[in-house]
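Structures follow.
Consider the two complexes below, in which chain A is the common component and chain B and chain C are the respective partners.
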Partner chain A sequence: MSASPGLSDGRWRWPDTVLWLVPLIWYVAWPDHLLLGSQVIITALFTLSLDLLLGYAGVVSLGHAAFFGLGAYTAGLLAVHGWREPLTGLAAAGVVAALAGLATSFLVVRGKALSQLMITLGIGILLYEAANKASSVTGGVDGLSDISMDRLLGVFRFDLAGKTAYGYSLAVAFAGFLLVKRIVASPFGLSLRAIREGAQRMPAIGAPVGRRLVAVFTIAAGLAGIAGALLTQTTQFVALEVLGFERSAAVLIMLALGGTGQLYGAFIGAALFMGMQDLLARQNPAYWQFWLGLMLVAVVLRGRGGVLGGVEAVRDRLRRTAR
Partner chain B sequence: MVAFIGVVFDGVAYGSLLFVLGVGMSVTLGLLRFINLAHGAFAMFGGYLAIALVGGGVPFAAALPVVIVVIGAAGAVVERLLYRRVSRTRPLDQVLFTIGLAFMASAVATFVCGPSQKAIALPGALTGQLHVLGLGLGVYRLFLVAVVIVITVALHLIVGHTRFGAQLRAAVDHPDAAAGLGIPVDHVFSASFALGSGLAGLGGALGIDLVGLDPACPFKYLVYFLLVVVVGGEGSILGSAVAAVALGVFDVVGKYYVPGAGAFFLYALMVVSLLVLPHGLFGRRR
Partner chain C sequence: MTEALRTEGLCKHWGGLRANDQVSLRLPVGARHALIGPNGAGKTTFVNLLTGVLAPSAGRVFLGDTDITRLAMHQRVRRGLVRTFQINTLFAGLTVLESVVLAICERTGLAGTWHRAVARCTEPVAEAKDLLDRLRLGPAANTLTRNLPYGRQRLLEIALALAMRPRVLLLDEPASGIPASESTEVFEVIAALPGDVTVLFIEHDMDLVFRFAQRVAVLVDGRLLTEGTPGEIAADPRVRDVYLGEVTGEAERPFPGEEKRDAPGSAR
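Moving on to the complex of A and B:
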């Protein structure tokens, strides 16, 4: 983490262009794989919300899926009960998840990493169990189906090929990216990084550590909820797994694979993870588990900082040899 | 009333199992602040080893010590080769690393032993029921409780009355000061890690008849381990025992009388206890 690539000033740079060209190229080149594409984009947005929390503020969470799932169920329940307008449903899901984040943040941010892990894990499992037991509302293990959405903006129908879903997810993820990029370059974002590097010293310069962490936890929860709502609205189904521990672990893994605290890591990690999952899990889920475990062990032992950390290391070495 | 006592007894037996499974994790967490989320993998392999041994004609009673020794040795090897490299890193790295190991262990178990639930053939002496004062108590559950009492006493003697135990307590209290006094904290850690792994393996073997065995075990019991650690306090053996038995009773009684709530109460208990007792029942403030 200490090898941070300088302080970002929030300006648009060429890697941003490259990052957002990829989904556009995907749309043209693989129009048959738009469903996978929008899943990756949604997951990337979810991972981005964790990056804001973990990569910038240094708050560790093993239960981030709680907010993703809350958003997913909010959007799903609204649609089932007649509110089929996508954008307001999305906003409502974000608000619900953010409020839940605000409510739980007070429990989370006061502890150290270990108790943060346990409390977030506990909250995540608690919510999963609650959704599982309240099957008259949530559908329990069978999931929530019969979700149908109105046309997006009154114009674009959610089609079977997933074109609308893809464009919708992409647009929302782009907006989320711009928001997070703005946040991390702001004085607020800088104070988050300072808290990550030394939470004990921050009060000495008058920074309200607790309040900052509550704020970032709330924002991250809201973003995660929006990602969950996107998944519901584009797949027209909510599975109980949206709240599962596996999802919380997976998003942490994706972020670690891509690299924390650099925004792009969330996208690289999500694409890498889901691409490999698609390839390997098709053969045998057990193999996929094995390779996933191996990747994690390798990331921790060798490539601290994930893919982006590796790129950084190679660039440093090239620079040193050039000198 | 008799039925209630029976349910509580089942809970005690279940809690005893949780104690054997979780005490190792509590000790390593308290000792080196090492978060070993792969602890359940040792339990799982202990279970498979026991099934293989019993299937190969080894008596159940002889298989259990073998499981402790083999899984304990495996734990020592894994600690030396892998865990040592991440023992002083950030908690997040430890979490990712050990979750990775748990995933790999689970996949290996699926590959070698198949994805289905496995059962073990218990000797006739350990099956059936014992009738005491009109109460039908499962012999196997009584056996479990007895094993746990033996282990708790043994651990208490080891920790409280041996040189190793004194070193262990010193290292838990203040690793740096202990190292400064010449206590080989690394070796103490290795030894207690091996012991904890061996006990987890034993727990895995003993638990087959009660809770089943399949490749998802490392994750299924993770929450229970964490609960034992959280409620009991990191590094406290007595705390782990009390917490495990309390959790077992709580869980079984809850599932019996309020089946609709499932494990909900248990998780609520975890969150509440983290808030009210951040250092557990018997944990020490650091």
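Moving on to the complex of A and C:
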């Protein structure tokens, strides 16, 4: 046990092992489905970045895809113009998205929930239309193609089966997970949770709320940008919809489904959402969102904490009956 | 005498309403000062002006020799001007220990740290546990704040303020909403504060005011009516007028020794 039970110690625990065993098992068991696997992992990283912002700091966003898309286009444009080294391209995308996050954070963090929703939504729409209009640069609705990447670390070629893409996405998502896990266990992470729980009390303990929110918004934007860049580099294509409102809405849904403020929720939500999309859409592509809507309402009404919240409620009940 | 806190002609006007009007008050270092007055007299407004929740229409606030009138709330807190709230404004989803550790981290500048786990910040954690033990909150350290009984929450309010190591502590009805037995406990904690901490507290319970205050300031209709020792205040006919004139139907208790005669309901 740690020296101070009840405080976050950021240690590795068995659910972490379970979480990261799943994609490894997937790689061995379903080698034909690595493309779907990569997409889930990338989306999970994107969802994780929103969890840091919404689940921990309590800042709501309807335009988080803006930063995902910015990262995707940065990586794509770099590759199209000759910069094909994946890792530096990834880093550059993260930096660009983080800077955009920093610049826009000042508009977002001052307001209450509704104005946060509207401002992030507005930023998302603005970027989408800007990318649409600047078709000579971005390819507009046709998307950005002709992207090819160098070998990863100079060794691993991006193959058609998607083995490299899968391993690459997994490694980057894992690094992102470790970073976020560390942040949320720190005093900075504690202050974010406190802002979520009672922002009006924070100045009375000397906390600069605005500065903290600017910091977390920047970090979340940077992570979202890295996720976007991963998508570009592993699929070698950028579609305009990386910036779309649907993506911002979907990531919010995934987080709500999985459960906010617990890290794992982002992964569970992304896997659930995309798994359902894949299964249900195969049977009836037009209809799958009906089931999604139904599940969303049920999960949010029943659990509030998403799937993870439901698991916790069941566990508590079992403990109480055991006693 | 050196002053810990001083106001000069502090005013807060909302249109024609003078919530605070020309309030000039001096708190010497180490004072135990009570601020009393009928409901709506502007007591909380005054505290809000001191702490920076509200901007004054006119007048200035000095902490020691420094003019802090234009500083933001969190900047005043960092300089040692700390308050508690009349209604609990706590972090419902944080544990008691987490809340106090956070407050200490904010004071010491550790709260921007992102690479070290909270549990490994040994000094703030040890300090927080000491503080909680002093306030008899030790056994509740790992309780979620929202699951804490109301009286304990009042103590946590004070713990959060003390975690900031205040030079001047403003307590807005620290014992409101809790039974008399527990309110004594709250005031014993306040009385046991180090002598260099200056305390200004708003309190309706005159028993508590007369037991714990060295001096009393009376605010009526936004103006400072008078200021003096508890004995002087109790003997002041103007103060009696104000209180006796408005006692009927009010939740506030009249002066000690008069309650049975004037408020028959309270005998039961």
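Everything that follows uses one rule, which is that the second predicted complex is superposed on the first by the 315 of 323 C-alpha atoms of A that agree within 3 Å, B and C clash if a C-alpha of one lies under 4 Å from a C-alpha of the other, contacts with A are read in each partner's own complex, and residues count from 1 in each chain.
The rule is short, and it goes like this: a contact is a pair of C-beta atoms (placed from the backbone, for glycine too) under 8 Å apart; a residue touches a chain by one contact, two chains touch by 3 or more.
Since this is a predicted model, take the numbers as computed values, not measurements.
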Touching A:Val60, do we find chain B (first), chain C (second), both, or neither? first
I'd like to know which partner A:Thr321 touches here: chain B for first, chain C for second, both or neither. neither
So, does A:Ala185 touch the first partner chain B, the second partner chain C, both, or neither? second
Determine, under the contact definition given at the top, whether A:Ser136 touches first (chain B), second (chain C), both, or neither. neither
Of the two partner chains, chain B (first) and chain C (second), which one does A:Thr17 touch, if any: first, second, both, or neither? neither
Per the contact definition in the header, classify A:Gln283: touching chain B only (first), chain C only (second), both, or neither. neither
Overlap of chain C and chain B interfaces on chain A (superposed complexes): none
Residue ranges of chain A touching chain C (in the complex, touch as defined): 2-11, 182-183, 185-191, 193-194, 196-198, 200-209, 212, 215
Okay, in this complex, where on chain C does chain A touch? 51-52, 72-74, 77-78, 82-83, 85, 89-95, 97-99, 101-103, 105-107, 110-122, 124-125, 141-142, 160-161, 163-164
Residue numbers of chain B touching chain A in their complex, please. 33, 35, 82, 85-86, 89-93, 95-97, 99-108, 110-111, 115, 215, 219, 223, 226, 230, 260-264, 267-268, 270-271, 274-275, 278
For a test of understanding, state which residues of chain A touch chain B in their complex under the given definition. 54, 60, 62, 107, 111, 113-115, 117-119, 121-123, 125-126, 129-130, 132-133, 245, 249, 252-253, 256, 286-287, 289-290, 292-297, 299-301, 304
